[in-house]
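Shared chain: chain A. Partners: chain B in the first complex, chain C in the second.
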Partner chain A sequence: MNLPVQLLWLIPALPLVAAGIGALTPRGGRPIAAGAAIAALIGSFILSCLALKTALVDPAAHLTANFSWFDLGTGTFRLGWLLDPLNAFMCVMVTFVGTLIFIFSLGYMKEDANFTRFFCFLSLFAAAMLGIVVANSLLLLFVSWELVGLASYLLIGFWFHKPEAAAAAKKAFITTRIGDLGLLLGMLWLYDRTGTLLFFDNGAGCLEAGALAGLSSATLCSGLAVSTAIGLLIFCGAVGKSGQFPLHVWLPDAMEGPTPVSALIHAATMVAAGVFLVARVYPLMSADQALTNVPLHALTVVAAIGAITALMGAVIAVAQNDIKRVLAFSTVSQLGYMMLALGVGSWVAAIFHLLTHAFFKALLFLGAGSVIHAAHHEQDIRQLGGLGPKLKVTFATFAVGMLALAGFPFLFSGFWSKEAILHAAEGWEVSHLPLIAGLIAVVLTAFYMTRLVSETFFGHGRSHASEHAHESPAVMTVPLAILAACSVLIGFVGTPAWPWLQSQLTGEPVHPHGWFEGAGLMMLSILLVAFGIGAGLAIYARRTRVTASQRDPIEAKAPSLFAFLGARMKLDELYAATVGKVNSALAVVSDGLDRYVWAGIVNFLGRLGEFAGVVYREADEEGLNGGFDTGSETLREAGKVYSRSQTGDAHAYLRALAVGFVVLVLVITLGGLR
Partner chain B sequence: MNLDYAGLFRALAPETAIVVGALAVLGVDLTLLRGRSLATRMNVAALISALSVLVAFMLNGTCPCGRCWVGASGPVFGGALMFDSLANATRGGILGLVLLTIGVSTGARINRNPAEYLSILLFATVGFLLMAAAQQLLVAFLSLELASLSLYILAGFDKTRPDSAEAGLKYFLFGGMSAAFLLFGFSLLYGLTGSIELNHVADGLRHQGISPLLIVALVMVIVAFGFKAAAAPFHLWAPDAYQGAPTPSAALIASASKLAGIVFFARLLWSGLGFSAGNVSYAFTSVGWLPIVAVLSGVSMFVGNLAALAQTNVRRLLAYSAISHAGILLLGLIAVSRNGTSPIFYYATTYGIATAGAFGVIGVLERQGGCDSISDLAGLYRRSPLLAGCLMVFILSLAGVPPLAGFFGKFYVFAATLKLAGLAGVAGWLTILAILFSAVALYYYMVVLKQALVVAPAKDATPVRVPIAAAVTLVLAAIAIVAFGIWPSVLLGAV
Partner chain C sequence: MSLLPWTIYLSFAGAALALTAGTRSAAAARWTALTAAVASWVVALLAAKSFVPSNAAQTLVDVAWIPQVGARYHLTADGISLTLVVLTGLAATAGILFSWNINERVGEFFAFYLTLIGGVYGVFLSADAFLFFVYYEIAIVPKYFLIANWGSTNRQYGAMKLVLYSFAGSALVLAGLIWAYAISGGNSFALGDLAAAATTFTHAQQVGMFFLVFFGFAVLAGLFPFHTWAPTGHVAAPTGASMLLAGVVMKLGAYGCLRVALPLFPVGFEFWQPVIATLAIIGIIYAGFVALVQDDFKFVIGYSSVSHMGFVLLGLAAATPRAVAGSVLQMFSHGVIAGLLFAVVGRMVYERTHTRQLGDLRAMPLHKLMPFAATVFVIAGLASMGMPGFSGFPAELSILIGTWTTSPLWTAFAAFGVLVAAAFTLRVMQVAFFGKTDAGGAAHHDAEHHAFAPITLAEKSGAVLLLGATILIGLKPDILLDWIVPALQSPLMQTVLKGGVQ
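== the complex of A and B ==
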């Protein structure tokens, strides 16, 4: 059974209906809201699997179902759905991970008073995310994109009574909106240039050869190809959504939301939307690659941003003490890897890493959620410790996630996808700096994840909360186990020996390049991982922390560096001091203008109007109104006079009929004589 | 003449269903329901009637498959009847309005002979259905008379009330006179053209100029039309009949009868007498029946709207509102040459629903204490929110407030008239007059609504109990008003 592309809209529609049901369910209807949300997402998952089957029949084809939305002048504005292996894989991933996270939330949010609202928002989010994935129009994608932003805002600020959560929600929304501005401009420019926002439209779409040739051949005064400029503007949106430097600041703060939200939105799916967007418009982004006389290629910028983000996220993660913040910065770093892969020309590697990362990062966040749930909402790793024996399932699955993220060789999916990225970076002709940044980040990733696991699970409990922790219920641990299994298995669909995923994504057979091609790089990265894990174990596991207030070993060696990293390189402060200050100053100026200049003018006009009103009123009451009253009175009188003539006398009526006949004959005859 | 009786039977399957239904109503009442309570007899009679109307509705129209044993299209029985899209749509509309009237009658004051009442109502329906398709002067006259005679009985049916008898008598006297005019007019037309087929009449008139005899014939036909449509100055029966007749009769006279009449005369005037229509698109009119219709239209709007301002009785107010709406319908008739019959069909149908619905609300109120004066509606929103809500929809639709169907009816008629020649001629001026009078009309409709929705109920007022069948009917009618306003193409496209 296959899913025809015309029915693809069902995939986002089901969660949207569930969101509607959730919104209408009163607070007491917990089973209804949660049941609708989970059932809808399972339905979408099944449909996604069918869609994947459809897409894999001919992987190179882009199946579309376009329809007219409205007519604009002589033209028609069209939207549509798209089905190819890229978004089919995304659909399956989003619905599968989403379902597990929804189920996990049943346990995690059990005691929350706004349980139904939570599931309503989760479903809304899933619908919007799936909308991004299946859209065949940049506008439809943008609409869903903004809905994802809205759902993210609602979910981060779900505990809005906490000031930090409210602030974090606002920050996430505003920061990503800055990127979205670029996306909007890029979209408008693209429409201006190509006259369509459909990606694929039987040769007339904006990602197809005809439009791209026009875009890359035109140049701006700075020498940039138009396609480069549009691509970079669209990339701005991806930078905001995917937490890339310099707009990554919202992502760690977003950890104020409930942990399932962090797992779903800020690890597995929403932040991946940026990567997906770039992969989706990859033909546009890479349209300028053939040009040699341009100062800048769009993908070079993407690679640079990705490398910076990958390295910076990993460095900052070393000095974080909140279990979710460590994971948040690791997400920033891993998203940097994906962008790096896109930038160096291997969007397939980026999507491979996106898929594997979605599984193991969801696993890690849910594991962290299980820890937090067990330890009575204690998130500071200095306060935890010794949880390994108490939370056996959580520990085992978390360890799998950690090894996958660290890129532990051969067995874990993260290793294969990271290798694919490093291999692609090695082959990039422009520069090897991204490769070096990636390799350094490999060490750091292994190191900070080892630190996180050691601090959380080894040693002794360092607080009341961690000493009295209990394993979470099965509704939470079973999703962890499933995700752990996937984190291992998913890697094997894209190994160099059997690159099935790569060949399906591109639609071309990729020849397995044996174990030994690129083996040098692979050996190097295995060594680096071993070094990172070894260093982590040496520093944190050999002598575990005794008290919560004890200083971190690195902090003891280099206090100022640790503090700098702990404060996230002071980037928030930098933004507050620059952009924030400028913004505040502008606000003050605007306020002054508004208050004194515009208000003065408006008030003057108001007074003028008031004066005119007085004049009018006098004129009106005396002249017009009186006249109107008289007119109305006359009308009523006329009616009365007339109805007095309705006597009720039947003879008179029949006489009137005869008179009417004669009069009409006269009328017509006189008319004829004229 | 090719007389195809099988074809005639196929075409008249709806009429057959209704006649069978009428006989069944009588038979069941006389045999099975002897000694039962009036309410039971009323409900059973209404049920059977409604079923027969529904069956007729299903048998109406042309089946697309072409092999069915019902349905017809084109001329039938040697051209005596014409089943074009206008006829089929009108027959459907008539059946819908009759169904509405039957529903209204379940909520109104129960008379002593419910079965007789409803069977006569069904016979009237047969008359309406034939009127919608009549293409021959004799069939036309007979169907008109079948409908009219039934309506006279229905108007005077409530023998216990002098009002009702007076209404029936006046309606009958007036109707009889106008029928005489019509028959005289028809005989003159026959004399002029030598045929009673509308097509042959048209052919015969094509080459004749306007003769005094033709003028007399035209005016006689129009007089009868003016009576049927309650257009001034032939409207004098309307206020008394509307006031005195039983509520369902008044609803039927104002809705289905009006729709059938306007389509009947549209067909007669345009396809039979179209060559002597004359012209009113420009300031200087040319001789024909159009100038007379224009005069009637203008006078009706004047008389209807002004007299309605002075009314204190709800039914009389609705009667004068009917007269003013007749003015607009005649305006629509003028514009048939430009935009076809779909605007007047839409207007007459939606007006019929709204006015029959309003009569239905009044009928329910009358059953429980009476509703003579407008002030008897006071506090309806407290006594029965359902009735108040439905009444609001009907009255606002009559007043032509968007997005209800009444607004679009006016809109399409005005648009069609203005397309004739803009404001260059009589038709355009009449349109402006109609728009101005719409503002006047809003006043008297608001007076009704103010009583129903704003004024507090009287101290001794009790909640109104609405019979379930009537409640369902009224709510469906209100929904239809809203739905036809939102999707006007459902009706517009039917013609």
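== the complex of A and C ==
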């Protein structure tokens, strides 16, 4: 059985309906809301598998179903669904990982008073993400994109009674919207140039050869190709959503949401959206690659941002003490890897890493959730410790996730997808800096993940919470086990020896590497991983922390550096001191202008009117009555009324105005007729 | 279609009847007013049902009125007027539902209210400049009394400021129209005739006339820096009147710009275009920033109105068919959304808490005490931020895309305004409804303290009406665009719109 593209809309529609059901369910209806959400996502998963089957019949084809949304007379906005291997794989991943996270939430959120609302928002989140994935129109993608932003706002701020959560929700929404501004402008420009926002439309779409030729042949005054400029604007949206430098600041704060939300944001949805977007519009992003006389290629910027983010995230993660923040910065870093892969020309490697990362990062976050749940909401790794024997399943699965993220060789999926990226970076002709950044981040990743595991699970419990921890219920540990299994297995679909995923995504046969091709790089990265894990074990596992207040070994060596990294390189402070300051200054200045200057002018004119009234009255009473014609007669009336208005008689003021108008009409009309 | 003038007459008749009924009982006045408003709205909807979109305005009535000056009682309708007439019916009905709790001099209140509505309908249907102006003035005067008699904070000041601004604006309009009429020498106030005559005017005359007429109308549309009447007026006004002010009265100004200033003086428009666009953009961003630091809940909404009307004016300034279609859509959208926001702030919240200070509201767990109001405000806030799924999204998208053709730079600045809108809306939403930070015992204790009157059926119906409208148009903007787009293809509009139908 296959799923025809015409029915592809069902995949996002099912969770959307579940969100509606959740919204209408009263608080008591917990099984209804949760049941609808999970059932809908399982339904979407089955449909996604069928869709994948359809897509793999001819991987090179782009199946579409388009329709018109609204018509401005001189331009029509069309929407549509698209089915190709790229988004079919994404659908399967999002629905599968999403389902496990939903099930995990049953246990994690059991005691929350707003359980039904939580599942309503989760479903909305999943629906919006799936909308992004199946869209065949940048406009529909943008619409879903905004809904993802909304859902993330609602979920990050779910515990809005915590001021940090409310602030984090707003920060996430506004920061990603800054990026969305670029995406919006890119979209408008693209529409203005090509007259369509459909990706594929039998040759007339904006990602097809005709439109791309026009976009890359036109240049701006700076020498940039138009396609470069549009591509970079669209990339801004991806920078915001995927937590790339310099807009990554919202991502660690998003930890304030319930942990399943963090898992959903960091693994299956939201942050994946940015990488997916760039992969989706890859023909546009790379349209300028053939040009040699342009100052800048769009993908060069993507590679640079990706490399910076990969390195920066890894460095900061070393000095974080909150279990979720370490993972959050590891997400930032891994997303940097994906962008790096896109930038150096291998969108396939980026998507491979996106898929493997989704599994092991969901595993890690849910594992962290299980730890937090077990340790009575203690998140500080200095307060934890000794949890390994107490939380056996959580520990075992978390270790799998850690090894996958660290890129432990051969067995774990993260190794294969990271290798694919490094291999692509090695082959990039422009520069080897991204490769170097990637390799340094490999060491750091292995190191900080070892630190995290050692601090959390090894040694002795360092607080009441960690000493009395109990393993989470099966509804939480079973999803962990499933994700752990996937974190191992998923890697084997894209190894150099059997690049099945790569050939399905591109629709062309990809030949397996020779045994020695790329072996040097692989050896190097294996050594780096070993070094990172070894160093981590040497520093943190050999002599485990005894008390929570004990200083971190790195902190003891380089306190100011550790503090600087711990404070996330002070970027938040920098933004607060610059953008934030300018923003509030502008607001205060505008308010002052309105309150004092404009109002002042108006009030001054009012006073002037009153003054004129007084003058008229004086003039009147001093006996200038004599030689005036009918016109000044009216003036006198008006003058009297004006002066009376001083006593606050507003009705009289109005009457005067009315009289004045009648006179004005008459004078001008008669004058005009003459 | 030919029924449409009855919207005007039913409103005026309703005003008289409500006044009479008010002498007997408040309830009678309310029901009379509601009946009249609903009846006019039904007339508008019936007309819409049988409306066949075309690029020519359809004449409804055309009789000689003051033959000495050539003024005719000439009512026409095209897709643009129809859109706004339907909006007026909706806003009037919802506004009455949210004024159900008016207890003082109820008959008079609704008499002024319906007179205003009648005037508004008249403006949207007039095809004769003289008639247009008369209805325009009829719509201005009742505002003063509504605010001064039934308003709240600083009402005398707010009412006076609003009326003086309105009159100052209409004085400019009148001067400009009379000037054009005098030079045309055609003894006709018909907009079509004036436009035909204006083609022979000198450049300087066109520039001068356009200035008078456009800026005169733009005062009422809240163009920066003539916008300061709007926040104070909105704040001072009783809820129903704020809903009308933001919902339809500000549209009068924008409609005047679109219907009179642009087609009559295309040459003058070309001269002033960059100025208008600049002021519109400043308005969008500036009002957004001001809204960001207000302490009074209603002021935030008042400034957000100015910001959103900036989009309407920017669309007009861009003068491409896409942008202007977006402007008309935005007029509808803003009418509905601003009405809703004012209803929540003025009626649901203020009438119960008796404070609009965000500092006070922060201390109350309003999301627990009035969940319905909180839900409506959150949805209306999302709509106001331009979230997809609501009418603001297609409207602002059309404006931005239409403006891009004229100037990508304008578009970029205006899009920045969308960001500011998100910032101030989220801020006020969190502070006003979700501000209480200490959960549990204290909040529960408070909840017992502030037992507010439940939200009434009238309020719920009004909210559902407006929410339904913004979602319907948000999902299916074609309903209105099918009317609006052909109207923009009329010869009169095509002279001023660039990039017309190819």
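Here, the second predicted complex is superposed on the first by the 593 of 674 C-alpha atoms of A that agree within 3 Å, B and C clash if a C-alpha of one lies under 4 Å from a C-alpha of the other, contacts with A are read in each partner's own complex, and residues count from 1 in each chain.
FYI, a contact is a pair of C-beta atoms (placed from the backbone, for glycine too) under 8 Å apart; a residue touches a chain by one contact, two chains touch by 3 or more.
This one's a predicted model, so the numbers in the text were calculated from it and none came from an experiment.
When both complexes are overlaid on chain A, the residue A:Ala587 reaches chain C alone and has no touch with chain B. Of the two partners chain B and chain C, more chain A residues are in touch with C. When the two structures are aligned on the shared chain, A:Thr74 is found in touch with chain C, with no touch to chain B. After overlaying the two complexes on the shared chain, residue contacts for A:Phe173 are found with chain C alone; chain B is out of touch.
When the two structures are aligned on the shared chain, A:Trp498 is found in touch with neither chain B nor chain C. Residue contacts after overlaying the shared chain place A:Val602 against chain C, while chain B stays out of touching range. Taken together, the two complexes place residues 648, 650, 653-654, 657, 661, 664-665, 668-669, 671-672 of chain A in contact with chain B and also with chain C. The residues of chain A lying in touch with chain C in their complex are 69-75, 77, 142-143, 146-147, 150, 153, 160-163, 166, 170, 173-174, 177-178, 181, 184-185, 188-189, 191-192, 584, 586-591, 593-594, 598-599, 602, 606, 648, 650, 653-654, 657, 661, 664-665, 668-669, 671-673.
Residue ranges on chain A touching chain B, taken from their complex, read 635-636, 638-640, 642-643, 646, 648, 650, 653-654, 656-657, 659-661, 663-665, 667-669, 671-672, 674. Here chain B touches chain A in the complex through residues 169-170, 173-174, 177-178, 181, 210, 212, 215-216, 218-220, 222-223, 226-227, 233-234, 236-237, 239-240, 284-288, 291-292, 295, 303, 306-311, 440, going by the rule given at the top. Of all residues in chain C, only 69, 137, 144, 148, 156, 159-161, 163-164, 167, 171, 174-175, 178-179, 181-182, 225, 228, 231, 286-287, 289-290, 292-294, 320-322, 325-326, 382, 387-389, 393-394, 397-398, 400-402, 404-405, 408, 411-412, 415-416, 418-419, 422-423, 426-427, 430, 434, 436-439, 476-478, 481-482, 485-486, 488-489, 499-502 touch chain A in the complex they form.
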